[in-house]
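Got some structures for you, see below.
Look for subunit A in each of the two complexes below; its partner is subunit B in the first and subunit C in the second.
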Partner chain A sequence: MSEVLLHAEGIDKNFGITHAIDHITLDFYKGEIHALIGENGSGKSTFTSCLTGIYQKDSGTFTLNGRQINAHNQVDGNYQGVAIVVQELGTLSGLTVAENIFLGKEDEFTKHGVKNSRAMNAKAQELLNSYGFDYIKATDPIDKYNFEDRKLIEIVKATHFKPQVLVVDETTTALGEKGRKELFRVMHSIRDDGRCVIFISHDLEEVLEQADNISVLRDGELIDTVASKDVTADDLKKLMVGREMNGKYYRTDYGESVPDEVVLKGENLSVPGEFEGLNIELHKGEILGIGGLSECGMHEVGKALFGASFDRKGTVTLEDGTQINDITTAISHSIAYASKDRDNESLVLNDTIEDNICLPSLEDLKKNHILHAKDMRSFATKYAEQMSTKMEGVTQFVSALSGGNKQKVVLARWIGKDSDIVILDSPTRGIDVKVKADIYQMMDDMRRSGKSILMISEEIAELMGMADRILIMKDGRVNGEFRRNPDIKDTDLIARMV
Partner chain B sequence: MSGLKKFKQSQWYGVVILLLLVVLFWAVFKILAPQTFGDLNRMSTYLKSALIYAVGGCGLYFICVMGPFDFSIGANIVLSSVLAVTMSQHFGYVGLVVAPILSGTLVGLINGIVYIKLHISSLIVTSGLALIYEALSVFATNGKEAILSMDYRAFGDYPANLILALIAYLICAFILKYTKIGTYTYAIGSNEVVAKNMGVNVNKYKIVAFTLCGFFVGLQSILTISYGTSMTSASNMSSMSRNFTPLMGTFFGLAFKNYGHPVLAIVIGEFIIQLMFNGFVALGAPTTVQNIVTGIALLAIVTLTTKPVKGAVVK
Partner chain C sequence: MAEKKKETNIPIYQKPWFTTAMPIIAFVFICVLFAILTQGRLFAGGNIKLLLSQSYMLLIASTGVFMVMSMGGLDFSQGSMLGVCSVVICFLSKYNIVLAVLGGVAAGGCIGFLNGWFNVKRKITSFIVTICMMYLFRGVVAYATTKSPVYGAADITKYNNIQFTLTYTVIILLVAFLIFQYTGLGSRLKAIGAGETAARYAGIRVDRTKILVYVAAGCITGLAAFINSVKVGSVTSTAGNQLETQIMIALVLGGMPVNGGAKVRFYNIILGVMTYKILTAGLVMLGISTQMQQLLLGIIFLVEVAIFSDRKTGMIVK
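Entry: the complex of A and B
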């Protein structure tokens, strides 16, 4: 094997109670495309974000060409020899193509405080042309270009200065055939040049095709590093999941029948750019799981059923024929929804636990059109305590709670509302084992009392452990259905996802 | 691509729309009030007012593009104007020009630092500080009206007002286009997190934006006191009403920023506002009706020219 280019030693990063990456030590070699794979939340992006300056690591060192590096932001990382093409859109609206390419590096074109836009534009155009993207004009506002072209511009931005290490973080999902080809061409030229590409992708075939070596992460830990030529996609899947299920943690019942009664039905549902042609039925007393990769469109399904999607097509109907087209109708017909984006879409952070729990139940709490503080306090306290929320009192602000306890407040809100249909998107995201067990217990209790739950989750074990039925989505469509059965293997589900 | 489609994508499309709006408003009021509206002399007067407000609008643009807001520009104008009068009595034109620029810029700098240090809404910070600046204006004048000497009123009329305003617009356009400040202003406004990841010192450039706003408000104060010739100190937030006309110009700048000429949009936008105000005066319409129609027209123009993303949270 050739010489080590980048050595990561004991890289560790926590986000609150979540241990995102756990003392990872890993070598990357000169002239190598090195893939990082793993389930959602396994720590791939966090690891590369620490390398490239998007996040600051808690401990550990990166050594590039024998010199320790510590990037404080992306541009700082660029100057130290590392660059990244991110998963999301990394270019900025309102700026030109050239300004985006050289954002943070304006000093290279600035003399006595005056930016030489002409020189910057000329240099940017020269770079674009050298990559074969001459149809992109450096002087154009970036907003003129579509997502794929903007990704290509990002590739130029990240690679034009010849970084020693380039991270490509799940970029291929955003690219069409043309874009992928261009990206792979750039990746190969970096490898051929004796530098290194760290390639993150969920597409295992693509990983096997492009990468020389593959490292597998799971729950923030490095599981193994293998040579692409020695493994198959199935081997990789086993390494990715490889997790034992804990019987006490999840439901233990199998073979219980679910009533035929359909309480919520979605027909021909589509949301442009997210998913299409979805038909879905949720039965009374059922936990229906939806799984897939993060971008498969499943997270939008929850919103669509709750009437919160824009441009939704198709119908969502309740058992009594009521159509759900907006959130107000959904809530008034006993539907609850807890978003994956807890802080931005589910909670009013700068408000008390009491107000957050009472929010959808204010109408029910009114006596003679007047809300009484005492009633609200006892209502909130009852349900917060029922969920064992760790708090100083219900007057505490939600912003002061941990992720798990925030989620308990969200759930307490909907238990208090006594909703019959509960849509939970990633209910245990970023939550520790103890709280997870509480949430699973609550879901099981709700199911037994005849409530119906739609659980959208990126965690395979959770789907298998809790759902009566699992729909697996891929690229915006349902790609498989599994009924609750102790014999289902996680690899069966993964095979339908990737 | 057809010629029209090409033109629609060009940077001058927005300017042409604005000029057509100017012609439209002028024509409507000219038909309704042919004797009292829109001859050359009157148009020159409307422009004179528009030039003044557009200078403040340019300053406010730096802040509003990033997202925050400055509610203290009215108080800044009052304070800088009374200081301009006082200093002109001692140092002539030098005092008239330097004092408001310095005080305006200092007020902007204080706004920026307090906003960043306190981590609270810019609306609250600048409203609170506006009360302090108003109080300072009372101290500076002992509550009396500050009257600018006849000897120093050149910036109240053509050509000096036009020259000073043009210098201000050029400085604004230059900063936006030819300095890092301009690039970072837009970058922070587009996505603060990404900008931070690119090494942009977001807090520093927010303070720079507030300081620049203060600088342009200082310049506006020179024109305001020279045109109005006197200024009374303010209290109890009475300076607030001075915020809105420059802000309307800024709205035009924001609405047309994607066409690449925000400064031109601010100036032409202010001119449109003046056409409307003066058109209603020419028609003898009561102030309340003027305000209703102006408000509706402003909302209509900005709504039609901005294309909000579906589902995006607008604050």
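Entry: the complex of A and C
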């Protein structure tokens, strides 16, 4: 392969508590179109935003042609040799076409503090003509043009100064046939010129067609880089969705029967924009898995059953007929819920481990209507230790714990509450192998003691390894059901998801 | 296990032991400073008594705001609320003194309910809601006292003796403390202050609790208004003016985080009010003009907040 043009080393970016990209190291070569793919929120846009100066990275370095670059904003990035065509509208209304093209670079046409608009307009028109967009007039206000033309103007804006690296972030969805052709033409000319295009797209066919190499991101981590001639769209899907088949820590039993007793029933459940017409039954002593792509609505199912969804329709009923419509009722009727959004929904981050464990059990901890501090302390200590949480003590703030230990605190809370129905959304997300094994063991123990678990997971191996029954969701509907069976293949599940 | 070590370069003024110790050090420092500057006059017998008698109203009123601030809210309507409650108390005291107290509590509770309702149901930040209420009810007080101050019963000031007022204050604080500490209310409020969404997911009825706390804060201000009424015997249009800022400065001086949350402690109220009162009394005794006092207090408040605000939770006022 040819020479490295851009080297990214350990790029890391956090948004508050969200780890958007996790130490990504990646090379881009001269004369290539390099695609970045991954699900929503996998960190593609964040990565390129850090490169082009839209965001500031937390750590890591970008080296372009052997020289370290550090863009503080987009214009700064342009001068250092990187440019971006963004996902949304990247031109400013109220300005002319020429003013948009040279936004932030007016100094190039300024002498003695006076801007030479005529020179700027002439230069802009010259550029537009050279791209073959001569029907666009540089002096027109940009609002005269439709979305597609504005994107073309943006392409001129981002490429006229011959940047070494051009990022095209999800632009094609906004373009029609003509616009795409123009865009690809510009991309190809950059590649043929020995420069590089970083291409972000959700359309896998298009990616395979245009890109030379493809890097897959998942949850802010670089999963793999592959050459497009070696892979199919299905391979890419698998990489995007993720599967780890080295699951020796899963359940090993097969063929155990599950009691018919239904402990939790959701009928005709809908949450607008998430899922529709869902009927679900959770049996006693069962682990029911729900899988799918992360946007398929399955994460909202857990919330809906816990009474936490806004605007939910349909009913959630317990065995004894109790209706669950709010969280407080759910908890007092022995339902537990561990959210995928651990840091916002499961845990009060800026509070102690003790308070976090005790919160749902405050009423149970009272003796003669009085809550004693020492009872809270011993309760929290008991369950935090039972989960072998790594901590300095229960008065430590949860915000100081690692992801795995945070999850242990969440589980300690519900084990302490002794809930019979446990809804776990992405229970092992961002958790290392050791803690994962502990969590699977705990789930198996709970199942054996007659508790019921609803596990929502984006990991196929986890679903196949742990669940008695798997529901696969797609676009807000159940699109397949599988019973526990050693012969199920991951491809069967994936076929139902995508 | 691949545990990532967090950067632990926390500046000293944000370390837990420092934020705990600082209000106490500040209290002692202010006591010693003014004792020296006033050559001990500040702590002469009579002055201590005076100091205490001036503290009761602030102590009681701060208790309600303390709960509101624990859950991350603010209450700027306290001053006007105290004014309205005092009008009600003075008016009713002509009939029956117990009725007067109940009336004051009810009036405060109603205003508190309005605060809570607009905050929770209409989803307006407490900052804006309570400033509106401050304005609105200041107008009500001004209207009620247009022609002349509202006078209380002739004998209402007989309650203005240290035995009664001290007992009254101690009982209120004690009850509030017991409820805060031993019913789980404190834990719930702190959780709401530290993370409202997570608190909801832990089964706390956030909306209900919030409204309840605003109502309680109103009722408590009604109780504080009784102390105000027995001390003055009447209400003028400026009754309770700037009480809200006094409360807030006092609580922050006592070590209360402006955003509430887990680091809130009940003793913040007492420590804060005492620090504030000694500070103002000391300044008065040194002959510093009212305008200058206000300027100094403003600076102290700003410095405190600037140093001790917990930026991790962000300045989110609910």
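Operating definition for what follows: the second predicted complex is superposed on the first by the 250 of 498 C-alpha atoms of A that agree within 3 Å, B and C clash if a C-alpha of one lies under 4 Å from a C-alpha of the other, contacts with A are read in each partner's own complex, and residues count from 1 in each chain.
To be clear about the criterion, a contact is a pair of C-beta atoms (placed from the backbone, for glycine too) under 8 Å apart; a residue touches a chain by one contact, two chains touch by 3 or more.
These numbers come from a predicted model, not from an experiment.
Using the contact criterion defined above for the overlaid structures, shared-chain residue A:K366 touches subunit C, although it does not reach subunit B.
Judged by the touch definition given at the top, the superposed model places A:G113 against subunit B, while subunit C stays out of reach.
When the two complexes are overlaid on their common chain A, residue A:S339 makes contact with subunit C while staying clear of subunit B.
When the shared chain is aligned, no partner comes close enough to touch A:G393: not subunit B, not subunit C. The larger set of touched subunit A residues comes from C, when the choice is between subunit B and subunit C. Of the two partner chains placed by superposition, A:G10 touches none, neither subunit B nor subunit C. When both complexes are overlaid on chain A, the residue A:P259 reaches neither subunit B nor subunit C.
Residues 1-4, 6, 181-184, 187-188, 190-191, 194-195, 197-205, 261-262, 310, 312-313 of subunit C are the ones touching subunit A in the complex. Subunit A makes touch with subunit C in their complex at residues 308, 326-328, 330-332, 337, 339, 344-352, 355-356, 358-360, 362-363, 365-366, 369-373, 376, 390, 397, 399-400, 402, 404, 413, 432, 434-435. The touching residues of subunit B, counted against subunit A in their complex, run 9, 65, 177-180, 182-183, 186-187, 189-191, 194-200, 257-258, 260, 310-311. In the complex of the two chains, the subunit A residues touching subunit B come out as 53-54, 72-76, 90, 92-95, 99, 103-104, 106-107, 110, 113-115, 117, 141, 143-144, 310-311.
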